[in-house]
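What follows is chain A paired twice: with chain B in the first complex and chain C in the second.
And then the complex of A and B:
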């Protein structure tokens, strides 16, 4: 069939039969259907993500405090400049990095160890119940978990403080009220909550290892370490890395857990960057400044994720 | 039956006005209507919930009887630190979601400046003299009514008054063995009566607190608030500053730098931090409920706490075990004791976006609220009224264990509020950060901390156009470290 190039030629083209035209129309409709199905999701995304993000971006160039009763004032990059030269922001940021490194490392190590144990105990009676119980912490909302631990850490009637007092023979410590122990005490709650997630990821990674390779490793009588090093890790690496990535992003955003436990205290001991952001937004109502900080955090998170994915993709490409 | 329906409707129409007149609300424009009112107040805060309880149990029948309308109250609540956020985000949209709000006194400027609340001065001038009320002391108006500071423009009406008082474990205090041991150790007698506490200064109280601090017995001398939440740390550091002669700003000029960062305020910070030695471990995170916990569980001999928390600090049936007294102060050169503590309490503010019906009910409610019998009912329920009529009524001091100390402390000489500026929240967040950092030992130079706070606050006020004084050039080099 020829394409119509000129009016003269057009007269020579044989008209398509009705069934062919119908077929084309259905094709077009088939292509339109996925687009139509995407529309609600896209609309939702635009209304709830794109517009607020753009709004936040715009606000970051303004000086605006909700309670001042004064109109917004365009100040260019002044908010960003203030943030970069603000010591307290750097302090919170450095604590956040320590927090992310601490929580993710411990959760990954513990999660992988426990995951391997569960994987190796497939025939153990009560395994399913144990798994269900183990996953319960990550299903609890962080605020509920923090209230729960706040009570357990309480020096007057908390069970954890009581046990420590019995073991040490000293007065019950206030673990979240003491500068020396607060950060570790809060970190322990996060580990308690999110280690099950890494167990789940480890089990998924182990499930992705081809049975044939595992059987071969058994036949070759590989040690546990070698089995992990040469069989499990190469196959399950992508899933594990995805788990680590998700935990890193989530850990970077931690706010509700700590806010309910210590409100960033005592002093600034547990004040992570998300709490600084909350304070500036909803305690000081300095929305321009807070938007600038939010933009910086967003860019930081994107940068970290991109670097991580770049490294992961490069390694995969090298291996391929 | 259906054929009687029109007849019944006609009869009902004929009878209903008769019933309304019989209820005394015939001339009220809302007579016969049902109005739903929403009050926004502080969650877990007895004076807020008590007011709504009274509104439901007493004002609703009162309104039906006197005005002929039915009113239903709902109580929306949020903790101190979130209440303003909840109110502001609603009011910023011009909503009448909350018809009446229990505001904190420091928010008056932030609520008034954008035009979100009713100007009560205008209301009084426009024919509502019932809101021109005689208060117990001028400090009541200064704290809960006026904005800008120093003016006499009224924006709020006191819902509850509040001051810091000292709760003391009387059983420990009056124990003969304890008293003998104390006088043997320090060479003077522990105070015994309410009157004895008038003459207790900071140094003497420190000795009392040190005496009762026995970690091996899980007992400590005192407890107060150091939490970073909202204004908790601020409210319990100011008493040291004010009593020792310090100040925080000049409301007339808007100057902070050079006033807040004074040697006397730095010394006050040192005393406030030193007193952590006599408090339970973890006191750095203490807020209002934590002090209640340790005091009611006899972990501390005394507790600095709001009078409004009296019902929590002294549970029913334990009134004989505790006493509530004036807190210690600073010994002046003439031998007198100067005590100036933070003022708490909250005013009612009226949503300026209320429609006519809700505005009318709000005014009826507030008129009823300041009736002497309502104010006394509020006091009997554990609240702290601030009208002269209620506080000067015979027997007021005996209604609650804390009433005498409350009355003694609610004066211009003993209680002081701080800024009512629209920039309040920003300024507060700065000093909460600085002072908690110092109290926790994260920074150790009190003067530098004050310099840093003063610089930031001066800049905030200047940027907001609230003062012509900008932060000085040396602020460029001052950091919280």
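And then the complex of A and C:
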């Protein structure tokens, strides 16, 4: 039954006592707390992320070279036109695509194989130690790793060059100084660094496979290939996709590793797009042009991510 | 044909003893149920038979072949798990077909077998559906079909219908029964549900604390439990136990009996329990010869329209299951008779006392 408030009653409502009002105020405070906790992070994000990005977006429409001494000049889409028609940009862009495809596919295949190996040897002694050691490359600063490898690739006292010389019986090669081998040599370093990450991802994916499904596959006498195809992949594909996505984005913006190994050389053999960007902005100080390239790269990265997320979502919807 | 033989099988998890020295044979062409409460080691036992778990000690033989160290693949068995396990993202047909392909069966034979099981399990119209779109009960049917279509000599079921809704449960049970009679397979069926065991099994192995307490056909196991546990665990409600202090003597009388009953107290037990199933107790509103007087404290209707009576006799509580007519007729005062042929005596250790029960001549 519904109560209808009578007008007499409404007039007799006494003002709330002070403790009730304090309670309400504290209540509001409680709701304010989460907001207050978020504010520093948001501020940080705005100052270091949003504003620079917008600034970059703005700069990309200007002609502005720091060394020329001239003030910035609005030129619309001229920078973009310039970039699109620039052969060297296309060259380093296509190198980057080869780089991304090369590193990601090798790391994924190698990482999955090694991951499976580790997973299958769960009872082997020393496995934990081996895993820890295997993850070491991932934890090293890329610049430090580059220095290791520059030493190991060194034609006079590098251990890798020495081994190759011993194996082939020829003079020690200069792997990162030679146009023919530089790209592969640098790629090998990236593979060395990031394969452990894919091992980790593979192990996580394998861990997400229900034990009963694996046991059923055993009982049903499924072959290794079928077990991977029908049991492991359907359960672990989301984690694997996530790993591949992260590696792709990361690989796309590789800069520090190569820069400290070869500075993009010899010639422009290992000059990926991120290095082109660095050179234009911090060696030629052509900030307007560099900003335009950065915008293009950002859009490309977003496109990559969206494709992955789209596939991921669609598959997830399929499963549900 | 494959008889499963376990010899002195033992499995420890750290300090927990899951399976304690079990030696048993599971015959060919029969459904044997491993029945027992949760945690009694029945699933562990089955997993050892499947090869998914290695025993701490003891041996597993299929016929005369020792398989203790063999992998599940090498053992060539079928198994259905408690939770429906299907290969996600592919069709029902493909799910059923996968193990058959591994068994290198020709296409036509595969199709025939799949059609057969699909028909029994009621999956004919779903063969092309993606298993991921099915509910749990249907998925479990697919899992059963996958195990059965291979026609292995041994099929293990690990509580396959526990997680299925009641309607599909009946369906699955009927299908299982039909399937189990088709080929001469050795079927082991693990369950904690006595109704399931009673309806499906040719033989039941009753388990408790890692040991097989009794192994018999369902009727004998129910009527003649050789252990207090069997009497208590089976039946709904379980057996009545009335404690008697006999002090090593071979005679007992009230409160259950009107005259002294002689039995063979070989172990000179001081305490014994008299066990009788609720449905075996005769209850009547009028006095009769051989019946003792009791107070009715509570009555309720159970499934099937029978009445469950709670009767107090000289401080002892008895549960009796009686027909509707009797249940309706009785009031406060009832007369209770425990027919001697339905009574089992259990000794101090809870094991059955093998004895005849002889009524003494009534005192004139």
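The rule is simple: the second predicted complex is superposed on the first by the 288 of 320 C-alpha atoms of A that agree within 3 Å, B and C clash if a C-alpha of one lies under 4 Å from a C-alpha of the other, contacts with A are read in each partner's own complex, and residues count from 1 in each chain.
What we mean here is this: a residue touches a chain if its C-beta (ideal position, glycine included) is under 8 Å from a C-beta of that chain, and two chains touch if they have at least 3 such contacts.
None of these values were measured; they are calculated from a predicted model.
Visitor: Let's test your reading of the overlay: on chain A, do chain B and chain C clash or fit side by side?
Guide: Chain B/chain C on chain A - fit side by side.
Visitor: Going by the contact rule set out at the top, does A:192 touch chain B (first), chain C (second), both, or neither?
Guide: Neither chain B nor chain C is touched by A:192.
Visitor: Can you tell me whether chain B or chain C touches more residues on chain A?
Guide: It is B that touches the greater number of chain A residues.
Visitor: In the superposed arrangement, does A:212 touch chain B (first), chain C (second), both or neither?
Guide: A:212 sits against chain C, while chain B stays out of touch.
Visitor: Looking at the overlay, what does A:162 touch: chain B (first), chain C (second), both, or neither?
Guide: neither
Visitor: Name the contact category of A:234: first (chain B only), second (chain C only), both, or neither.
Guide: A:234 contacts chain C only, not chain B.
Visitor: Between chain B (first) and chain C (second), which, if any, makes contact with A:223: first, second, both or neither?
Guide: In the superposed model, A:223 contacts chain C only, not chain B.
Visitor: Check the residue A:308 against both partner chains and state whether it touches chain B (first), chain C (second), both, or neither.
Guide: neither
Visitor: Applying the document's definition of touch, where does A:119 land relative to chain B and chain C: first, second, both, or neither?
Guide: neither
Visitor: Give, as a whole number of angstrom, the minimum Cα separation of chain B and chain C in the superposed three-chain arrangement.
Guide: In the combined three-chain model, chain B comes within 50 Å of chain C at the C-alpha level.
Visitor: Which residues, counting only chain A, touch chain C once they are in their complex?
Guide: Residue list for chain A touching chain C: 210, 212-213, 215-223, 226, 230-231, 234-235, 318-319.
Visitor: Please give the residue numbers of chain A that touch chain B in the complex, ascending.
Guide: 63, 65-70, 87-88, 155-156, 171-174, 176-179, 262-269, 279-280, 282-286
Visitor: In the complex of these two chains, what residues of chain B are touching chain A?
Guide: 81-82, 84-85, 88, 92, 107, 110, 113-115, 215-216, 218, 226-230, 280-286, 293-294, 297, 299, 422-426, 428-430, 433, 436-437, 439-442, 463-465, 479-481
Visitor: Touching residues of chain C toward chain A in the complex: what are they?
Guide: Going through chain C, the ones touching chain A are 50-52, 71-73, 76-79, 81-83, 85, 87-90, 98-99, 102-103, 132, 143, 146-147, 150.
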